[in-house]
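Working notes, beginning with the structure itself.
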Amino acid sequence: MLDGRTADGAAISLRGLEKRFGSLAAVDDVSIDIESGEFLALLGPSGSGKSTILMSLAGFERPTKGQILIDGVDCTPLPPHKRNIGMVFQHYTLFPHLSVVENVAFPLKMRKVAKSERIRRAEAALKTVRLEGYGQRAPKQLSGGQQQRVALARAIVYNPRVLLMDEPLSALDKNLREEMQLEIKRLHSELGITVVFVTHDQGEALTMADRVAILKEGRLQQISPARELYERPANLFAASFIGEMNQIPVDYDGGVVRLGGGQAIALPQEALVQPVPPGKAVLAVRPERVRLVDATSADALPVRLRDVVYAGAGTLVIGDLADGTEIRARIPSADSADLRAGTTLHMGFPPGAMLLYGGGAA
Amino acid sequence: MNSRSLLLNAYVYAVLAFVLVPIIIILPMAFSDTNYLTFPPEGFTLHWFGDFFGNSRWMKALRFSAEIAALTALVTTVVGTMACYALVRGAGRIGALFQGLLIGPIVVPHIALAVALYLFFQKTGLSGTVAGYVFAHSVIAMPFVVFTVAAALTSVDPALEDAAMSCGATRFTAFRLVTLPLILPNVLSGGLFAFIISFDEPVIAFFLAGIRDKTLPRMMFDNIEQNLTPVIPAIAVLLTCLSILVLVGAALLRRASVRTTAAPAQD
Amino acid sequence: DEVVLATTGGLMRNMMEEYMYLPFEDETGTTVIPFDIEVPDQWARAEGMMRTKNVEFDIVTATGPDLVGRTDMLMDIPCDKLENVKEFGLKGACQPKGVARTTGGMVLAYNKDAFDGKAPQNWADFWDTETFPGPRGLPDTGDKDWWVPAVALLADGVKKEDLFPLDLDRAYKKLDEIRPKIAVWWKTGNQVQQIMRDNEVVMTMSYSGRALATIKEGAPFAMAWDGAIRDTGYFSILKDAPNAEGALKFIDFFYGNSEGQPKFISAVGYATSTSNGLTKLPEDEQKLYATYPANYEVLVDPDFKWIGDNRDMLRERWTAWLAQ
Amino acid sequence: MIAEFFRPDGRHLSKAGITLLMLPFFALIFFAFLYPLVSLLSISVLEPQPTLENYRKVVDNPIYLTVLLRTLWIALLVSLLSLALAFPVAWLMARSKGPKVAFITACILLPFWSSVLVRTAAWAVLLQRHGLINEGLQLIGITSEPVRLLYTQGAVVVAMTHVLMPFMVLPIYGALRNIPADYARAAAICGANPLRTFREVYLPLTMPGIIGGFILVFLTSLGYFITPALLGSPQEMMIATLISQQIREYLDWPFAAALVGVLTLFVTVITLAFSKVFRFDRMMGGAA
Amino acid sequence: MLDGRTADGAAISLRGLEKRFGSLAAVDDVSIDIESGEFLALLGPSGSGKSTILMSLAGFERPTKGQILIDGVDCTPLPPHKRNIGMVFQHYTLFPHLSVVENVAFPLKMRKVAKSERIRRAEAALKTVRLEGYGQRAPKQLSGGQQQRVALARAIVYNPRVLLMDEPLSALDKNLREEMQLEIKRLHSELGITVVFVTHDQGEALTMADRVAILKEGRLQQISPARELYERPANLFAASFIGEMNQIPVDYDGGVVRLGGGQAIALPQEALVQPVPPGKAVLAVRPERVRLVDATSADALPVRLRDVVYAGAGTLVIGDLADGTEIRARIPSADSADLRAGTTLHMGFPPGAMLLYGGGAA
């Protein structure tokens, strides 16, 4: 545990945040309330404004409109070095001319902590990220993952109440990334700090965050806990951005949807996340919820198999519905031994797996 | 702009003025009616340009220097590119030696080199010959060429040559068709660098000047020391025009090459 | 066929070309290749050439002391074989190691407008910074290692006749006095003109020819001949010169060129040691030259033998004093 | 030294190929650099007879020591002045974008395009007793009569700085430009104000560039010839002028060779001592 | 289709291949027979010698021992430009100063094909990779995936009988990578060319290749079809390198394994890939084959839940067996709603899901 940690994480309020670069609104009227100690992920495609929000929080960008409150205090005009916020960057975060322990002690030095005390607390922080004994090394003598852990230690050594991270893991390879994800989660629950975490990796966002905020072109699309986001995405953008999603164009008459091939499926009420007017709509089903069924089954849809891709744990089955709409199913490999491209089989959608959205496909 | 950056900008522009003023102030003196240098210039005449172009000794020196500079540029780019290529594609212990030798001509004062070469060239009969100057100038220009070329060469992915070879090219063809076109701008600017260094080299020329031929800088040195007339600013004007032409030409060339790589191109 | 002639550049070289080299080429078909070089530099080159046994200069420019001090580098001049030198040369023009080219003086040149009508007369006035305030110039080139001590002694009251051997201790003590007032130690003839023209100094030692040229340009300067040091430049021929024959021919031509001599003298500002030279100019103009009898009388006539013998010592004293 | 710069990469050439490609370079350097230099230095110990007399003369005679020390002093002044002028320029360049950087770079590189001799002549004109600077000083009332500027140590230092300063800008700019902006952000978020960020992050990371530029300017100044010869006076004699004088006026080749030897020794020692930071590719700052 | 394609892919034989760099054996006695038209993936951790094998095949490295036969002809001493092999590299190796079509025509130019013919064939190859109409662009005007497709076109334009690819997709992002995987598979089946494909992405290897060769420290570990590799890995290294694998230390008595916590499990015969001597052994089970079972079930193992990580399609359940061995299960998220860390539940291994290996854990 770190020294002198008593305070919980801070609560953060973004109110009508806007940041324009010339005519471009990088962030457009975003309001988010982050609870004390919450782990929030900002997720969105490249250029959606994630970094800009984080930079505004840190004080590197001055918003063109709106306010940022930290524990109720408006700190919109404060420069970064007065915000007492911890931050981990994507690249080049450690000072190459300082040893690991000097790097970690740097924020304490800026706060005029006495030298021996600095070293002691830096060592403690290094221990927190499981790097005791690495203090005397130069940053470049560490692996990428270790470097990011040092950066983490540096960001928490002065007990900030907020920790910002801008794609801290995107430069790491898959295994390291997964290890670090667990590490960060552990730290978060140990320290009780408020974390705002930027990523464009949906798996990362889902695995780590209490809530995920989805951004598109500077506007907030949805902010919900991971499971809700995955299972009941608010719109087609969110649905297709997170995980794979089959999108089948249908006609909706208020109760039943009709596929291009003519089949009709009765929808349960909960398939509508938001009200959908009758007319053209899109039926969305996740591939892993699609089932192979008997031709005789009530909801059986004939599918012409195009490709069977073995992928270890699961097998991806790609085929076309009667009207040519591509449909994908992920089934356990154990069940897929005798599937052959070119044959026809039947798929069914369990009632709880279907979602309906108005308008055309995303 | 806050006051701190205002101050910084002011300081920097003052420094730039310090750099530019002496270079600029000499130019108008080329038109001075007096036969010595004054500022501000008195009267107006083109006499000094005539003096330069009409004088066979100046013209001879100009031609002599141009010939030396052109050959120096050629020698340094060819030799330098060869060495760089070997180095970047395979260094080893010989590379360390290369670097040691390369730094030599930069740190050993030109006066020492000039004296040494003077003695050596006198013995070998190279003194005052084009070959002698080209050797001497190549040595001092080489580091600049090597650096410029190496900078480009290190940024050319060696996998490109591998790719060319996997397509059926020999190593030399791969170099000729792939690497060389990619480093060409730097090779040319390295050559230009070498040309300027040679064309403007006063110290070695001071000692090596032969009986019959003098380089332009040596003629200028004599003029400054013996009889400083506005011919010197006139030359400065000419050189400035020339370098502006070269710079503009290079910029146009670069833009053209950007266009060809960006736009449809047939071979 | 060609003769390589090392000489100072600028005016001297241009006028030599116009009045001597080209006519010589017309008459004999031999080209003179002039090589612009300061005298000390020329000796360094010659030394290098001797070292490497690749002599390129035929004629070099020698000063009086050189004729004594560099005998091992110079060819003997067969004076009796040079017909024109015998016919037109003044007394002493042909020396065993060189033939006189031009004679000037290291004069005191001063700005007429600088001292409210007063005019310095001699070196004592040069030292008199009360009466004649302002920055001064002295040479750091040529034979400065004895020129400057010599005039210091003159300023200190030594008589011209008693100058040699130079009392260097006394000379340098006197020099210490004037040192702070020396704004420029000039290195070339062009430079001394420049500092007069630009009023960098109010008073300077100068080659008489350079002072003359500056005066002709219109600068408000004048020359004081009293105590000026005679400075004769000689044509000498290097040992193993590639074309010693042609060199002798050119020297003889120089003396015999009766048509060119006066024009040359007038143009270059120095007189030659010939009977067909200075005397052909208008009397008024003759007064501006070192060899004009009234001027020649007050010149210091240096003891080249003594200078040549003590060259190293003179030089070391000079370098030590100046660089400190 | 420049090892990382020439890092071997990719498919290797054969040993024979490397040797062949490098041969012309080595031949050139050997014949036009190493051999002449060594044979000159050999004169200093072999003539008039095998002896160290020539070197003793350098040490024994206070005049030569004075010249040597003065040379070091002037070189130091020039380097310091260059640093003081160059750092803010490099800093602003690294801070700016696009056309401004291009403009400053052009200004800094412009001198490369104009002759050293012309620039020296220009300084001679500027520094004259009635030159622009003197007139200016009088105009704004700093002095009432012309001061002596030309043929002084100051003239030499200023003109040398003018010529050498660009060599200081480039390596520092190169070093600054290679510092990712994230370092400054990291420092700021750690609580460092801009001044501290400069001191704790930028300065140490720029040090190799600063030292490299400093050494380059210093070494070049040591052997400077043209400017002191044309703008200096005998009181400001530097070692290059002394060497030239020994050869041109006094014909003392062995002693001149000894002076060259001393100078070369200095230069070699300094180069080796700083070989870690003295990397030529950095010196050029990548702006060539 | 490409012009003049008649020949099938070449058969390749590596015989006792060895490549030493100083004392390091980058490739150590590797023998592989690749059939004509086969798609072989070389898979292994970084530094395992994959690239070195490929480079030896291409002729860029000269093996220190062994032979390389292509269609029975020993071409070990041939330089690269005489091997007539197509190759695609990891990074974009398009010649930046040439247009796309000039790039593709480059190998033909080397083979002195007339210009008009060159252009025609290059255009045809571009069509094969679905990039008709892009010929006049500069490479950097294309996206990463398009660039790799051009590289592919360049590698096949001269109808080589072998195509080598060294991690051609690793620089692409996930979506593009999947698209390109399908593209390459399609090309392979269209052209009938022999493909050797280096990757360190196991999913890629499994999805694409007919057979996968696994390398470790220069030595061949296993070479089998994907499904066999995943379901019956030859040793623990292969088992843990491909996919996730629970490794449970057990005592084996020749028929039954006994876990640290005392439970005994009877093993079916097919659980032994290779004979295992009685004594210490490792029981290996893939997380997605682990089932949640009732406490009353015969094979129920009590597991104390440590972490439940929601990850969209599946949920990762991490817990400890009685003896503290970590065990992971991947279950459909639909079934995981009421799992809580700290509780105890029961897991079971279906008989067909268990594998046994001798010795300690990998």
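Note that the chains are named A, B, C, D and E in the order they appear, and that numbering of residues resets to 1 at the start of each chain.
Keep this in mind: a residue touches a chain if its C-beta (ideal position, glycine included) is under 8 Å from a C-beta of that chain, and two chains touch if they have at least 3 such contacts.
Owing to the predicted nature of the structure, the values given are computational and were not obtained by experimental measurement.
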Farthest chain (mean CA position) relative to chain A: C
Pair of chains joined by the greatest number of C-beta pairs in contact: B-D
Distance between the centres, which are taken as Cα means, of chain E and chain C, whole angstrom: 92
Chain centre separation in whole Å, for chain D relative to chain B (CA means): 18
Centre distance in Å when chain B and chain C are each reduced to the mean of their C-alpha atoms: 40
Whole-Å gap separating chain A and chain B, where each centre is the average of the chain's CA atoms: 56
Multi-chain contact residues (two or more partners), chain C: 38, 48, 51
Multi-chain contact residues (two or more partners), chain B: 119, 157, 159, 162, 225, 228
Set of chain D residues in contact with two or more other chains: 11, 131, 247, 253
For the chain D and chain A complex, residues of the former touching the latter: 180, 182-183, 185-193, 196, 200-201, 204-205
Residue numbers on chain E that touch chain B, as the complex places them: 58, 60, 79-81, 84-87, 89-91, 93, 95-99, 102, 105-107, 109-111, 115, 136, 138, 141, 151, 154-155, 158, 164
For the chain D and chain B complex, residues of the former touching the latter: 1-3, 5-13, 15, 17-19, 21-22, 24-26, 28-29, 31-37, 39-40, 43, 85-86, 88-89, 91-92, 104, 107-108, 110-126, 131-132, 162, 165-166, 216, 219-220, 222-226, 230, 240, 243-244, 247, 253, 256-257, 260, 263-264, 267-268, 270-271, 278, 280-281, 284, 286, 288
Residues of chain A that touch chain E when the two form their complex: 202-203, 206-207, 226-227, 230-231, 242-244, 286-289, 307, 309-314, 330, 332-334, 352
Complex contact set, residues of chain B against chain E: 157, 159-160, 162-170, 173, 177-178, 181-182, 261-267
